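In what follows, chain A forms one complex with chain B and a second complex with chain C.
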Partner chain A sequence: MATTVFMEALSPTMEEGRLVKWHKREGDAVQVGETLAEVETDKAIMDLQARADGILRQVAVAEGQTVPVGKEIAVIVAPGEAVAAGRGTGEEGRVAPSPAATVPAASPVPHHSPPAAAAADATRVKASPLARRMAKESGVDLQLLTGSGPGGRVVRRDLETAAARPAATVSASAPVAPVPPPPSPIPVSRTGAPYEDVPLTQIRKTIAKRLATSLGPVPHFFLTTEVDMERAAEARDALNRQLGDRGKVSFNDIILKATALALTKHRACNAWFQEDHIRYWNEVHIGMAVAVEDGLITPVIRNADVKPLLEIGREAGDLADKARSRRLQPHEYTGSTFSVSNLGMFDIDQFTAVINPPEAGIIAVGSIVQKPVVVDATVLPRRRMRITMSCDHRVIDGATGAGFLKTLKEMLENPLAMLL
Partner chain B sequence: MPTLTYRDALNQALREEMQRDPSVFLMGEEVGVYQGAYKVSRGLLEEFGPMRVVDTPIAELGFAGVGVGAAMAGLRPVIEFMTWNFAVLALDQIVNSAAKILYESGGQVPIPIVFRGPNGAALQLAAQHSQAWESWLAHIPGLKVVAPATPADAKGLLKAAIRDDNPVIVLEGEMLYNTKGDVPEGEHVVPIGKADVKRAGTDVTLICHSKTVVPALKAAEQLQEQGVSAEVVDLRSLRPMDEETLVASVVKTNRCVVAEEGWPHCGIGAQVVDIIQREAFDSLDAPVLRVTQADVPMPYNKQLERAAKPSPEKIVAAARRVCYLD
Partner chain C sequence: MPNQFDVIILGGGPAGYVAAIRAAQLGLATALVEKEKLGGVCVNIGCIPTKALLHSAYIARLLREAKEFGIEAGAVKTDYGVAMQRSRRVSDQNSKGVEFLMKKNKVTVVKGTGVLQPGKKVKVGSDSYEARKAVIVATGSRVKGLPQIGLEINKTTVISSDEALFLEQAPASMAVVGAGAVGMEFADIFHAFGTKVTLIEVLPRILPLEDAEASDALTKSYKKRGIEVLAGAKVTKANVGKDRVALDVEANGAKQKVEAAVVLMAAGRAVNTENIGLKEAGVQLNDRGFIKVDQNLQTTTPGVYAIGDVAGPPMLAHKGFREGVVVAEQVAGRRPHPIKYDNVPSVTYCHPEVASIGLTEDQCKERKLDYVVGRFPFSANGRARGTGETEGFVKIIRDKKYGEILGAHIVGSPASELIHELAVARENEYTVEEVELAIHAHPTMSEAVAEAALDSLGRAIHM
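Moving on to the complex of A and B:
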């Protein structure tokens, strides 16, 4: 029995994928769980695995081509089995296929692909039949809508609201013509033309979509404080002397750790806004904004409040490396409860960061600079750093955010306070 | 157009049909000398005599069977049950004889009979005398079932039932007999199998029949005040059911509530929901909700009885839910 290979939803928000590289070729034997191809999702490059044993046939998507999730891209057949005419020739596949439907009944669902299965569920949009029909007729992408019905069901009025602002929600996953090879991130025009249109890469599309759901709908306000980093610097130097070649502690590690600890004392800031309720987290998972080629992503350091500094440093380094090589797995960049964005290394004094919904807050960390500061009636050179917190006013009020920031400042100005 | 009570509209239908066709006769408990327990047969004994207005003993199975025999012999009997609670005793004649003889005779013996009487709860008649039987009756192939809500429909559907060559169940209502409405004079026949839009609206369809038409119309008025435009569709005929009208309404409004006096499990509303989900699936913006009698024997206690019955408030609440307002 032939098994169709679909473009699968390999990240929770993936709507289309670019086939980066086929690992198997037409006529190759494949086994369940083997990597068929590498696919660029909106977040990372992921492996698309075989869900059946057999021979790969009717490869319908070329390397470099982008196709919507649910599109048939090949067929796996038994050795010697003929392929039904018309299969894999570009006919529309099912959207978000359930893995079970593509696995022959006799073979067990492979154990090594839970992320794909979970992702397929996560991308299912609950919508009334009418809303589905309206979305189809008007070309609106249901994934981009927030359902106002029970359990987030998208209903008629959500489509009517969306119709009032069509540009933001019209599907980008209409039939995709063969797409040229991936554009270089910053193309330099040598043609003399006044401008050049460059198609959005998957990650830029996601950034555009995610951030537009933040600064617009989320009522931001900003709190800035200046932190004296002298003692943090002394502590860091002392720790690094002691560690020798066993590792290095960076300012960023100290900031991540202090932020996580301060959040344990200010649960009101460690929260998600969830439309009809607020989820206050008892765990602290810090999202760490990492610049990558052509975008940014926030890998997550889980339970950062209870991890030793050295471990935070090691994890932060690993995650940043993975992010830059686009090898982050979905579980490594989802589920953060609060985020930190640090542009200190770019010599930025102070900036404001955009909240990463559903989180309620993010801190923007500037660079550490020497400044003349009055200490005990004497002007002294001190290393100072500015932190600006962006707060979702639906969750955090001014005094609440200020309280958290005060604790964070105390911990950074007196690192021993982290032991309290 | 004259204004008549529901009971007088039925009386008019009986009189006109008995005048028109000498094979039509009325039989049941107290229909003659007493002129009907609810006075539906007032004046008929005097006008048509004891051969055509026949008082029976208290023996539902017996006189229902006599009626089926008379229909087999070529007459057009109208059998009155004092209420449908008592007609349970006659179900064997209704289900096994009236509904099946045409089929079992290979189409040779039609049974043009009408079984009629009040159905459902009145006020404080307790568990055994407050029952709505329509889902039992509409379940049976070989029967037609109508449940008029207004005097005009009562006249028109009873006339259609008497003229039909199949057994037809006419479900009336004790609480409806005194209600008044305009009734066309003379030849007013309402075709069996046609629903009626009692009030037009755009936001939600309230499907009802018989006594629930009244609370549905009240609910529609309350909803109007809340800015919701409700369409009230009266099924009128429960078998056959007018799928076309139901579906057309839901396709327009995208939301639907079904109200009935019966119990929820396997009720008339369940059949309506089946039609809607199948024929109007892509038009639905919310699951269809039902308002029914509570799933218990009808309490005698006045407050509990009120709590158990469908009401305008319950219909309003359901309509708001399918409109995602609550």
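Moving on to the complex of A and C:
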């Protein structure tokens, strides 16, 4: 009995995947759980595993090709079993059906219901029926085209224009090296052309889609406060002296921990807006924005409020490394209840961050700068840091956000308060 | 400056008055210059009065056939003069309607002939007007005769539609030269009013721009009711007498004489590009005599646009309407949806009506397109049987690979109304499958559209 291999949704938001590399070739024997291929999702490069034992046949997707979730990309058949009607491998004609293969060869391939994302995917792009058919026949990804019809609809003309251009936006025909590195974000133009069109990578597309659902529909407001980091710095130095070789605590770790603790005291800010309800979380999972090549991703430190500082530091380091090598697993970047974005290392004094829906808030952390500050009628040099909270006004009101920020500020200005 | 406007439009026909309304809607100070009645040829001596006369002809035919439907009408007597008077009232109502629309939209109507001056200026008589943004030329077209074969319009025995629309009575006999939309419609009208009609077309078939199957259907229909149809027929000589015209006609190598009390010239129109200052303002014409325009309908003089018949074929009111809207929006700084000229429906309102959009089957062949034809005759349609309107068919030509609707051709009593389903489909790039998937009410003649779409897929239900 043949088993169809589908492009699977290997991340919760994945709508299509780029086949990076086949680990098995046409005619190879495969076992359940074995890696068939590497697939680039919108977040990372993941393994696509075999769901049946047998021989890999009818490999329909070339390395480098992008196909929607739910698309049939190969078939696993029993040894000796003829392949169902359709594309032939050129071999099945000679292979006599084994006695075991009592099912007629022409019987339809069983449809394991493809992941739910597949059905929704087909209707997401605005395109005329004719454009859809033309794209399907010619293997063009409609998502990569810019529609020139009413309301940005992809029409016939757009497909014809795309076909006339070199393969840049037509994913199917782009020849790709066996293991392509992640596309370099901004290729340097040597041709002197005024601009260069670079197709969106999977991650960039997801960023665009996700962030557009944020700043537009989410009514943001912003609260900024300046935190005196003098005592946090002293605490950090003391801790690191004590730890010696056993590890190091960074300012970021302290900020993550303090944020998590402050959220336990301000549950109103630890929430998801869910269209018809608000989900207030009892657990605190902190999303930590990490810049990766060509984008950003928000891995999650779960239960950050109860984890020791050292563990938070270790986890943050591991997750950041994984994010940069694009090896994050879905559970490592989903489910955060609140996020922290830190651009301090880039010498940014202050900025505002875009909320990561459905979360209700995010804090943007600037760099720690020495400033003259009046303390007890004396001007003293103090290390100061600006944090800005973005709030979804549908969940958090001004005073609610300000209350949380005040607690966070207190904890950072007096790290001992974290013990309270 | 009292004579300054944002936009000045020359010509109050379909293209011009629609441009004026749209410009005014968008807040532009707009002036419209027209020497005659508002509405142009269409409203006054074209589309509108002919539709009124065609309906009179339709009623005459219905009454003659009424007995079959259980209605005895006695001897049917027709009076072209009365029908003509009614058609004039309809035209006047429509012209007044346009006048009202100008007032409602606060468009200044200037009576007279507008003459273009360099620098977006227009002279009407001794008055000067200046446009801040644009001048739009929409001066339209007029009928022309064929003086080269002695058929100059003399307005008595050799007439054009301009005169035919004002006849007090139907002539005993008429030769209609030209079997495009105008010729077909007048042949239909006068035949119903008792005139012996001979239809002469120089090209191999009547309705030469329509699909060959439509031409065939109309040839049969006209011949059956007693209209003489001479296609591939050339008038070589005309002898214009005082109350008679004798034509030498050569068809398929054979010569024959056609005599008629009146010859109606229904071939060719000339555009109104003379004496309106085009040359002086730097507006050039193309080699076919139309005003040369770019894809934004701008002429060779920046800020001067041309729309409607003067801007090129098809010379149809609805094409002018759309150009009027598009240019007005452009001048107002909008970015209108570009016009798809291959998606302008074409309709002839004779009986049965002929309506089409897109390519004919012959054009598909010439372009070597891979196509499939779907057909459905009204004789197989329940509603059509009920009304006795079983003449004609729906023909849909689809692209074989993608199902794109390449062309659609309808012959039948409601063809002019049915074609728009396919216009919507083509404009939105629906394939035959979307047309078929839309549920069509039963019983309607529209069902034939869905059935033709199905037939192109090889699965018509009622055939």
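The definition used in the following text is that the second predicted complex is superposed on the first by the 323 of 420 C-alpha atoms of A that agree within 3 Å, B and C clash if a C-alpha of one lies under 4 Å from a C-alpha of the other, contacts with A are read in each partner's own complex, and residues count from 1 in each chain.
The definition used in the following text is that a contact is a pair of C-beta atoms (placed from the backbone, for glycine too) under 8 Å apart; a residue touches a chain by one contact, two chains touch by 3 or more.
No experiment lies behind these values; they were computed from the predicted model shown.
In the superposition on chain A, A:Glu137 contacts chain C only, with no contact to chain B. Of the two partner chains placed by superposition, A:Pro79 touches none, neither chain B nor chain C.
Legend: residue contacts after superposition of the two complexes on their common chain; A:Ser128 is shown touching both chain B and chain C. In the superposed model, A:Arg156 lies in contact with both chain B and chain C.
Common to the chain B-facing and chain C-facing surfaces of chain A are residues 128-131, 133, 149-150, 155-156. Against chain C, the residues of chain A that register as touching in their complex are 128-131, 133-134, 137, 149-150, 155-156.
On the side of chain C, the complex with chain A involves touching residues 337, 401-404, 428-431, 433-434. Put simply, chain B touches chain A in their complex at residues 254, 281-286, 324.
Remark: chain A residues 128-133, 148-150, 155-157 touch chain B in the complex.
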